[in-house]
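The following pair of complexes shares a single chain, chain A, combined with chain B in the former and chain C in the latter.
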Partner chain A sequence: MFKEIIKRQLIEDLISFKFLINTIVILCTVVLFSLIFINNYHNIVDDYSRGNISNETTLTSFARAPRTHLGSTALYCTMQPRLELFISEANEGIMPQGFLFSLQPNSIRDIRQEKEVMYTSISKRDLESPSVTFYPDLTFIVQFLLSFFALVLTFNAVSAEKERGTLRLVYSNSIKSGSFILAKYLAAFLAVFIPLLLGLILGLVLLGLFAAGASFPSLALSFLLFLVISMLYLSIFILIGLLFSTISQNSKTSLVLCLLFWVFAVIIIPKSTGAFLNLKAFNVPTEEEISDLSSKAEKSAMERFNRESPKGQSDQEEETKIEMRLKMNSERDKAIQDINDYYLRKKISAITAVRNVNIVSPASLFEYSVSGFTMTGLSHFESVWTRTRQYANEFTSFLRDYASTLKSGSFFYPDEAAVSDKPIDANGIPRFTDSPISSGARTRHALPFVSLLILYNLLLFTVVIYRFQRCDVR
Partner chain B sequence: MVKTIVKREFLDNILSFKFIASVLVALVIISICTFVLAADYKDRLRNYDKGIALAKEKLANIPTYSCLTVLIYRRPSPLSIFVSGTDRKAGSYVEFHNVGMEIPTFLKGGVTKNEFSDMVSVFDLAGVIVIVFTLLAIMLSYDSISGEKEEGVLALILSNSVPRYRLLIGKYLGALISVAVPLAFCFIWGTIVVLFSGGVGISKELIISLAWLYALSLIYLSLVLLMGTFVSIRTRSSFISLLVLLSCYLVFVFLVPQALRTYSAARIVEQAKNVEKNTNSLYEDRISKVGEALKQLPQTKTWIIRDQRYMDLYQGRAIVLSRINPPAALERQSFFSGLRIRLERDYAVKIQGLVDEDSKNKRRIRNTLNSILAFDPPSSFERTADLAADTGVDSLDRFFEHVVIFWHQYMHYMDEKGAFGLQYFFPGPKELTAYETELVKRINDDSSWQTARGRTVPYVGKYLKEALSYRPNVPNINLDDMPAFNLKPTGITDKIEASFINVLILLFYNITFFFLSYVSFNAYDPRKAE
Partner chain C sequence: MEKQQPILKADDLSKRYEDGVLAVDHLNLNIHAGEVYCLLGANGAGKTTTINLFLNFIPPTTGTCFVNGIDVTRDPLEAKKYVSFVSENVMLYGNFTARQNLDFFAKLGGKANLAKNDYYQVMRRVSLQEKAFEQRVKNFSKGMRQKLGISIAVIKDAPGILLDEPTSGLDPKAAEEFLEILGELKKEGKAILMSTHDIFRAKEIGDRVGIMKEGRLVMERTREELQYEDLVKIYIDYMKSEPLNM
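Moving on, here comes the complex of A and B:
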């Protein structure tokens, strides 16, 4: 009997006009988005590889004459674009792309004393993007279009039967009310699942065909995970549709309620909480204020040097002067680095806090779980940040080793001896590579959000069953 | 009769649940976002005032022209509280330093507090109109005819002696008033929030621009209502009507503009990359030319004393010599500076040519995009709102056009003042005083510098202390007659003129949909409907 209801309901859904329209819209959007994405992706990869080429050139010339080229060592440590961006862009295009790692930001500094190395974040200011930003990715399709479709599919599932009077007939039969509503749910679930599955397969095929460097198995895994999380998300909308349809007297009220819910959950909540970012509580200073702080640190170091350095001009005093200057520089850079680090951490935590307000909306929850397991967006940036710090240490210790092999002369006041320095093997210099996605990090980023999604589902499911059982057809 | 229909429609609408809910939502969002954006605007204004003071200060104590830094701040538009556009992200000033050998192409600074802030968006009034009010207009109109069809009321109404066009006009006006009233309320509420947050003056221009923005919003929302009415006439049930309208909402508000914008942004980035490459090769060219030119420097051996105080003050960007320097050193420095400035200036103009071409291309892409999007009502409205508020990319372009004009004026002025001669690095009058001549002579006779390596030797001998402690009162360079950068704010007529085509298209749509509704309503036959 239960099977019979599902079958009937499913067939009814599948041959309906709205299902046809939806499937067509989804497939067309997937094709359109894939084409736009592939075009964009090649551009991003191009950008990234330009950074790599520049790094190679810098390192080659550095290896040829280390001491004379140290001043020009600035290396790009940026996010490597991944094909997972097609699943979830997560604003990766409009956030800082990574770090510019330089050994000598504006003066000489001694690697032998160096604890940390300077890196400044490079940002990409996109002025063309509109105030409300959406990206052509699969998350958008599910978040917007399919959630809408899920509501359209279920908003009159119960109320229409009420209006037609068929609900009474159903009740008079020996079907349990739970299994009736479960059948409605499962049928809607399948009717949403089918176009999504078709769209994903199409997207995967297009990506495999046209995007260079696609590694198929890992991409397919990501798509599969995406499918699962999407269904968790869409199931919330199906349940909401069923709920409103149960509690409202006619389909019209139910539709208006569903729409209001949709607009709130999908557009208004996620897109208006950005206002909280300006709260004084986050206490994030402006760019100018941060650079003021840095220049203050610089000035105080300079003053200290002027105060404490020997005034004379004898050879020994000159040497102490150089020593002091090197020490001062390294202290100053450390201070500036600390300021930058501190505020970057603060900015990221402000964003995270604002995003955490959004999780009342399932749409944001969905977005964060997807970007969590694809490791795009903020989590990608954070992993690059960690990686850059590691790299800075690697590079510094490499230089320290090199400096210890030098027989004569300071590392930083290259004299004639520096010109005759033996070149280093360029391949031996550590290079920055973006860390690959590990499954541990994936789970760590996605799990809290996914479990909340499951929780929402369970809660709604209980409410729907409870409300339906209380619904009195008389 | 029309009056009665309008009145009934209006009362019906404003008492409905959907109306109250949407208006409440709109009000809440507007209160929050206006408050936040007003605070943001105040921050930027404070930054601007501080910047203007800083720019004045930078012009005040200039011993030589090489110390000159000119800052041009861009005034934030007060309307960015209502239509934020690019104003918040663009940055706040451009800088010409070292007599401005590069024409700036981007704004520095700005009070963007957080590089990640684009990840979470803030609504503005224009956003609320496009997202919430469009939805309200759809909900008010989707069942205006089809609802009555379903209830069977339409047959009754048509059997009365009311002409159909009157009925249509009545329904349309009723809905329009039901949108116009809350919209006006939102505008007024936004203004009140701005007033109460303090620090932002409400000027006459602001009110006029807001009125123009209101008129634009009304034209746009009226179009949505007419489309809704049209769809409602053509469809059998209000459900299908709503479905069609909401699909249109999704497609025209989100999908189409986003897809097109992404595409054009990619094209623009491609362009920019090309220009960057060419510009970089020009820079490299410039460096090698300067290197070549250095070989032509006079070969006489000489000593030199730099004024470290100023060099530190300007972070090593300024070249300032002490008054105690031999003629040979001055000649050498003059030769070098003159050469460098001439070369850098030539290249600045060349680079500007590239940038100009690039911005022309960018503008072409953007214009194509805009003219396509002019046919998409929500984007068309957003653009007109940007123009009305003077916060869009166009106003940024205008700013940079004026920067280039100013650069040329400024260079002309510098030429007239002889800024690139001796005064570029040598403070005070050309003639040395008796003491100075005497000290120069003494150092000249000191043998210590003659044995040092190199052509130009920084002097470190026994008279250095005396030379450094000699600090005569050098008159600062008078820059009072320097041309001022002035960019007049756009007047309301310019704004109307700029958005003329978009408004025309919107009006054309309005008329078309009204006409279509009229024709299809006339063709409707209640007897055939069932």
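Moving on, here comes the complex of A and C:
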């Protein structure tokens, strides 16, 4: 009997006009988004490659003539474009794209004193020819379109049965109340699953043909995980539709409740709380404030130098003056670095705080779950930040080791004329590489949100079963 | 000779809704195999509530309903195996054909493995036109839908049948055909409880006729008794009488 109810409901759903329209819309959107993404992906890969070529040129020049190129060793440490961006772009396009790691003469002196080197975050506009501004992703399709479809499919699942009198007729037979609503749920689940599965297969085929290459297997795995998380998300909307359909007097009321829920859960909550990012509530400094703070740090270091440096012209005083200038530069750079880091940390903690509020919305939970396991967006940026710090240490450690083989002061000295121009083996210099996605990191980033999605499902399922058992079938 | 147990039995059955309305008041009914019992009464008299109580759609406040000797409240799933139901103006599943609707409800009623011809036979039996068998139900007239409704009850082949105002809104010809089918089911030994406003047809088909007023069964007559009495007059007199003290 249970199977019969699922079968009947599923057939009714599959032959319905709304299913046809939804499937066409989903497939067309997937094709459109895939084509735009493939074009964008090639462009962002080109951008990334240009950054790598620039790094290679810089390092080769530096290795060939360290003295000549000492002041221009700026290396791009940027996020490597991932095909998973098609699954979840997670605002990666508008985030800082990585860091510019620079080695200044004064910093080289600092290397010997084992101090950190400078890096600054870079935005898209800092890159050469940032060609992409719009990233379509599958998360949008599921988050907006399919969630809406899930509600449209289920808003009258029970109320229409009441209205046409079939609920009484069904319940005049030996049917357990739980099995009826479970059958409704499973039928709707399958009716939502089918267009999603078709869309994902289509997207995967297009990406496989035109973009994925050797990374196809890992992309297919990501698609599979996306399918699972999407169904967890859509299941919430199916359950909400069933709940409203059960508690409403008629289908119209249920439809209004479903639409209100969708607007709040998918649009208002996820989008409005983001506005707080610009507020002082999280004490995030503005770019102007950061610039002011940096200028102040520079000015203060300069004033201290002018105040404390010897005024005489003797050799010893000149030597002290150089030492003090070095110290001042180092302090200034460190202060600016700290200000930039503070800004980034504040911004990340503000985003995290907004996320903590947004988890009440299943749409946000879904977005965070997906961007967590694809390691795109914020988690990608944080991983590049960590990786840049590691790289800076690797790079300075390499130079420190190299310097130790030279006579003291003959290679690293602020006076350019005194710097050795002895070539360095370019191949031995460490290169920056973006971290690959480890399954551990994927799990760590996605698990809290996925767990909440599961919890929401369980809670809603309990409520739906409870409410339906008390439903007046007359 | 030992008297057979009734298929449908209400034992001191009462139902008071949450708003305080006493819809059924200490009702006692015994409907045996091969008997048609017609419940007459104005809107709100408690006819539909009585049927809802037999189907366990609502729990009784006091008393018990039995179907084939099974306590409906205690074991509703078992009790429902022995009863079919035809409601007023059932719309069925509009996007499905008559046969598909019949197939679905037959399976719910525990009749698996029926062939297309089995469904056709039942639909022929209730005089549904042949061309309608594979047509979508959304285009059916009320009469056609009611015939399909009764075919659902026929195919379940349960010993008890509950009919909630089944002839309401039917044209005279369709209503007459409907009663013919009921007559056949009665001959097959089904116990039938039918709530209706239709005094003439109640007199025509009913072995017993009861009049409900404000939840109480205020009158009951057998077919034989009604041969010598005017049911219309009795009914109108009861309807005009003073409200009962609750």
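Quick note on the criterion: the second predicted complex is superposed on the first by the 437 of 474 C-alpha atoms of A that agree within 3 Å, B and C clash if a C-alpha of one lies under 4 Å from a C-alpha of the other, contacts with A are read in each partner's own complex, and residues count from 1 in each chain.
Operating definition for what follows: contacts are C-beta pairs under 8 Å (C-beta built on N, C-alpha and C of every residue); 3 or more make two chains touch, one makes a residue touch a chain.
Because the structure is a prediction, the values reported are computed rather than measured.
Once chain A is used to superpose the two complexes, chain B occupies space next to chain C without a clash.
By the touch criterion stated above, A:173 is placed in contact with chain C alone, chain B being left untouched. By the touch criterion stated above, A:327 is placed in contact with neither chain B nor chain C. Among chain B and chain C, the chain that touches a larger number of residues in chain A is B. In the overlay built on the shared chain, the residue A:442 is in contact with neither chain B nor chain C. In the overlay built on the shared chain, the residue A:12 is in contact with chain C alone; chain B does not reach it.
Judged by the touch definition given at the top, the superposed model places A:32 against chain B, while chain C stays out of reach.
Of the two partner chains placed by the overlay, only chain B lies in contact with A:272; chain C stays clear of it.
Put simply, the nearest alpha carbons of chain B and chain C end up 9 Å apart when the two models share chain A. Interface residues of chain A facing chain C in the complex, by the touch rule stated above, are 1, 4-5, 8, 11-12, 15-16, 163-166, 168-176, 472-474. Across the complex, chain A is touched by residues 48, 52, 55, 57-58, 76-78, 80-81, 83-85, 87, 89-96, 104-105, 107-110, 149, 152, 156, 162 of chain C.
Contact residues on chain B toward chain A in their complex (touch as defined above): 17-18, 21-22, 25, 29, 32-33, 35-36, 39-40, 43, 47, 84-86, 89-91, 109-124, 126-127, 131-132, 135, 139, 143, 238-239, 242-243, 246-247, 250, 254-255, 257-259, 261-266, 268-270, 273, 312, 366, 382, 393, 396, 460. Those residues of chain A that touch chain B in the shared complex are 18, 21, 25, 29, 32-33, 36, 39-40, 43, 46-47, 91, 94-96, 121, 123, 125-136, 144-145, 148, 152, 156, 251-253, 255-256, 259-260, 263-264, 267-268, 271-275, 277-278, 284-288, 302, 313, 347-348, 350-351, 354-355, 358, 377-378.
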